[in-house]
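In structure tokens below, several structures.
Both complexes shown next keep chain A, but they swap its partner, so chain B is in the first and chain C is in the second.
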Partner chain A sequence: MHSAAQEEGCHIFNDFGCGFQAPTTELFFPAPWVEFGLPGTSGITKYLLVLIVATLVSMAFWYFTTRNPKVVPTRAQSVAELFVAFVRDQITRNTMGKAGDKYIPLMVTLFIFIFTMNVMGLIPGLQLPVTSNLAFPAVLALFIYLLWNAVGIRRHGVGAHFKARMVPAGVPGYLLPVVVPIEAISNFVIRPFTHAVRLFAVMFAGHLLLAVFAAAGFYMFNPMSPMGPVLGGVSVLYSGIALFGFLVFTVFELFIMAVQAYVFVLLASVYIGEAMEGAH
Partner chain B sequence: MEITGSLATIGYGLAAIGPGIGVGLIFGMGVQAIARQPEARGMLQTQMIFGFAVVEALAILGFVLALIQQ
Partner chain C sequence: MILAQGHEEPNILRIHWDEFTFGTIAFVLFAVVVYRMWPRLMAALDERANQIEGGIERAQKAEAEAEEIRQQYREKLEEAHREYARELEKAKEQRAAIIAEAREEAQAEAQRILDAAHAQIEADRQHAFAQLRGEIGALSTDLAARIVGETLSDTAAQNRVIDRFLDELERSGTASQAEVR
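Then we have the complex of A and B:
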């Protein structure tokens, strides 16, 4: 029964009793093209292709906008300057002050790179946000984690850096046995974890949402329904509603992608700013 | 009555209540603060987004736990 349903294409108002199959998380585990057979690896999958495309796009963006910088910016250059000014005024100056200006190149690059990786979920043909695989945000978060620890240790020394992160100022001595473990776990374990997982989970959920809308729209489109032309027309109406929802959520998802790239960069610069500041 | 499905989904719903209230408070208070002092907008927006990101972490932990508990 079920195999027959799948052969004929399962749509609403059918006469062989098949139901809607929602897309599952298998979406995010594409079949590997090359397998290495090592435990814990997924081989070379579609993710690597999309990652390479995203890297080339973000590199090409900077190449074509800044290859010939002028004092009076051209149109392309002013777009790049817009991003740099945005990151400087909204992110680094607010979290690190003037001393954070040397991190602007890193933060702008991270912003553009993460945003490009997210947008790959909306490009027809690719349609897989790179950041919906935990491995990619995890590497970026690990890099930021090592960076802020290195910045803090170089500025204040090992002891002062870890003391500043674990012992909050103004806490009475008898509370320290409780506060220090909480601070240590939240700053050195939970913080890098949530930094990576936030980006991953939002892109994962958003992409799954779009996939459900697309699959539901396809499922509900059945103008040749065996139950008559009236229900066939109703199915086209349902499908149109699903398509409208899909388009609305695509625009919303584009906004979420930009916000998540912004949040990732903002948190990165907050962490580096705290490490530079040392003890309060 | 028989109910099937994953209990972890309900857990995620419960985990989203607190962050939902928190995010609402953060943005509500943030908009109020901007309305009272529009010139402090840049700094307030940064603090709003930072607070939002910290609060949202709880909901995200719930989401991840719901997915790995299948």
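Then we have the complex of A and C:
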């Protein structure tokens, strides 16, 4: 499956000394189909294809579930409402209160978009979570970062916003020279970075893990081993174990994908709620 | 082999600006869809909330109305019971009054009859007495004339004798008459 780096026909118990080669980060650097020839570009790669699919799926999902909303919901509409109710009751109301209701559509957008991009890692044929490329989480994290600043500045003014973010209440004056730089770096540099990297890293690692299981199962499957039928049978058993692990981790990964989408949106909501609130 | 094609270092934290741009476009496109569809979905949700609230309100109103009617019926029933009791009481009183009246009338009637009988008896007695007095007078004089042998021809004297006699008789008779009464 994810065995681009593997030689064809390299299986366990072979007689030409071919060892297992685990999938590498090469997975996340698909060869470009079209190169732009500009510095800092990747060209058109599988990521763009999967991104387009994910975007179309998200848009189609939302369009077809809510295009004709009724008081008595259809099945599809109920699904869309489930997302709205989940985001409202579990995320925005908890972090921003009623004032955060105007951010519900944004948070629903983020949640569905991120979840769809994540799930692309499990769709046969695509099998590449868009969010395993840092560029895409970075778009969303940067957007939230800008919105966070914009909300804080519009509500409280430039000075009050930056002061609230850099000078924590209740810190004695003599500690401020230490605390202010820490807070500034933490809130204005590290936090947006971790916001993006958290999502990216989890999807990256999860995808790599699944790839290892898939590659191992492929590698260990050698019933026609030249070393005899017994080892051939053993190889099938190994392969079965790897397949089982792959399936279990696939289910687990699906859960992680939903959780990461939730965590990203929750943090976005917390940040914006914080900006709305001003100084603590 | 891994880095063989490497026209660049596979830094997993790289951000290609073209991918960043595509990601932005994709995000904006999807956000546009969600934001465009949003008001209609919210309108449906609000309408549902309204209808549910309206339904609850209507149910509460109906309940209150039912309670009021029940109260009215209960009051009417109680009123009917009281009315019945009053009527019964009145009927009892009337019965007692009728009985008392009838009894009184009967007594009065009896008294009247008794009185009439007494008057009749008295009258009869008077009559008999008067008649008796005449007869007794005649008999007495007749008897006396036979005993004395002479006729009391003198009417005046005759009457004096008779009256005296009768007065005596009456005096003794009053006592005996009182006993009878």
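Simple rule for what comes next: the second predicted complex is superposed on the first by the 272 of 280 C-alpha atoms of A that agree within 3 Å, B and C clash if a C-alpha of one lies under 4 Å from a C-alpha of the other, contacts with A are read in each partner's own complex, and residues count from 1 in each chain.
The criterion applied here is as follows: a residue touches a chain if its C-beta (ideal position, glycine included) is under 8 Å from a C-beta of that chain, and two chains touch if they have at least 3 such contacts.
All values reported here derive from a predicted model rather than from experimental measurement.
The wider contact with chain A, measured as residues touched, comes from C rather than the other of chain B and chain C.
By the touch criterion defined above, A:Thr74 reaches neither chain B nor chain C.
Once the two complexes are overlaid on the shared chain, A:Tyr47 sits against chain C while remaining clear of chain B.
In the superposition on chain A, A:Thr25 makes contact with both chain B and chain C. Of the two partner chains placed by superposition, A:Ser186 touches none, neither chain B nor chain C.
By the touch criterion defined above, A:Ala135 reaches chain C but does not reach chain B. When the two complexes are superposed on chain A, the residues of chain A that touch both chain B and chain C are 25, 197.
Residue ranges of chain B in contact with chain A, taken from their complex: 42-43, 45-46, 49-50, 52-53, 56-57, 60-61, 63-64, 67.
Remark: chain A residues 25, 89-91, 94-95, 190, 194, 197-198, 201-202, 205, 262-263, 266-267, 270 touch chain B in the complex.
Chain A meets chain C in the complex at residues 5, 24-26, 28-29, 31, 36, 38, 40-43, 47-48, 51-52, 54-55, 58-59, 62-63, 66-67, 69-73, 77, 80-81, 84, 105-106, 108-109, 112-113, 130, 133-136, 138-140, 143, 197, 204. Within the complex, the chain C residues that touch chain A are 1-2, 5, 10, 12-20, 22-24, 26-27, 29-31, 33-35, 37-38, 40-41, 43-45, 47-48, 51.
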